[in-house]
């Protein structure tokens, strides 16, 4: 899976450069997040602006990252959700779990 | 079929606002061109920039317009062809029939 | 007018084909003549239920044949969208699945829940040599 | 690895479904694992031959049944792309079609020519109750 990873003031910004986040590539996203946690990063911001479609495996990968970040007293937040993707979080009530921001700026400022 | 029709110095510019020009909508394009000929217009420029796909019926509609314009001592020219659409004209040798321009400006200036 | 569409798909049972299956579902949603609702929302929903059900067929019900495939049918007839996903596995009891707890932090267990939220009728039945998950939605 | 895909489509025989059929062909082209050539070019070509052949089935071979349909199959197996378009009409003699004259200003008669330019093997055969145009291309 294509991810642009950059670090901004203690937060790792991961831009998912895929149209779909599904059972085919969500395992890879989980693995990339695990690598970051193992390097000692604890604050992740996932930018989903290019993602048109997320399935339950994609949500599962994000929940996994969220749990790992929280367990390390860090945080995993989301930004750039397209409206249909946002509906997926609402349908599964995960919008109550994740902090979700429109853009990167506000999200980064919130850490 | 969605077409933006505007007149610029004696030339009618028709911008095809469709992804596909095929047997489903090429009859409509032919009818719109016929209307213009009946109104006395004889110079048409067809801008295909939004068109990703043309089939043999689409080519046929353009040939029909070309013949009608020529019969009236006018012309029908094309511009804005995407590269795959351009290949269709080459495969059928119709690039030897039509005058094809990259952009509207050059095309309008050529009438 | 009776808009009858049938599409039958067989692909290797690998997750790389999920996007093809989902896209075909989206293409069908965008073509429907009689649908009055939000077409892009319907496209997402069909894409989603196809992706969830096919993922389950691949993950939980992989056949032991040398070149295992998944088989999916999508049909539209008289305002009914019907999707069938066939599997060759051991099956499961769909009526015994717990609904995910609200705000659950479980990584799994949202697939069938999503399918049920979107579709009007969902059944899982035994067939010769396997099972079929059948999902229907009335478009209208 | 043997990438075996089969898609079977039935739609009302109306030109409004051409874009669905063409898009499914494009989606398949974009998914192919083993194809080494230009994928977007292949997508256009599959879209085109599907569109041309289906248009002919709709235009020249409309069935007399009350709700006529067109039936199309697309398969990929061992580097062979095979498309079949079935019709229920009177048929025609494909070997007797004149090639369009270069720079012909005829509005018609380019469909089968385009199919032949793109595909490696093209046959038109009689079947029970109709005909099938079968087109194959070796993807290399």
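Lettered A, B, C and D in written order, each chain numbered from 1.
Everything below uses one rule, namely that a contact is a pair of C-beta atoms (placed from the backbone, for glycine too) under 8 Å apart; a residue touches a chain by one contact, two chains touch by 3 or more.
Worth saying up front: this structure is predicted, and the values here are computed from it rather than measured.
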Tell me the fewest steps from chain B to chain D, where a step is a jump to a chain it touches.
1
If I average the CA coordinates per chain, which chain comes out farthest from chain C?
B
Express in whole angstrom the distance between the two chain centres, defined as the mean CA positions of chain A and chain C.
26
Cα centroid separation, chain C vs chain D, in Å, comes to 28
What is the distance, in whole Å, between the centres of chain B and chain C, each centre taken as the mean of its C-alpha atoms?
43
What positions in chain C touch 2 or more of the other chains?
16, 19
Would you mind giving me the full set of chain pairs in touch?
A-C, B-D, C-D
Note: in the complex, chain D contacts chain B through residues 15-16, 18-19, 22, 40-41, 44, 47-48, 51-52, 55, 58-59, 100, 102-103, 105-108, 110-111, 113-114, 117
Of all residues in chain C, those that touch chain D in their complex
2-12, 16-17, 19-20, 23-24, 27-28, 30-31, 33, 67, 69
Give the list of chain A residues in touch with chain C in this complex.
19-20, 22-24, 53, 55-57, 59-61, 63-64, 66-67, 84, 87-88, 91-94, 96-97
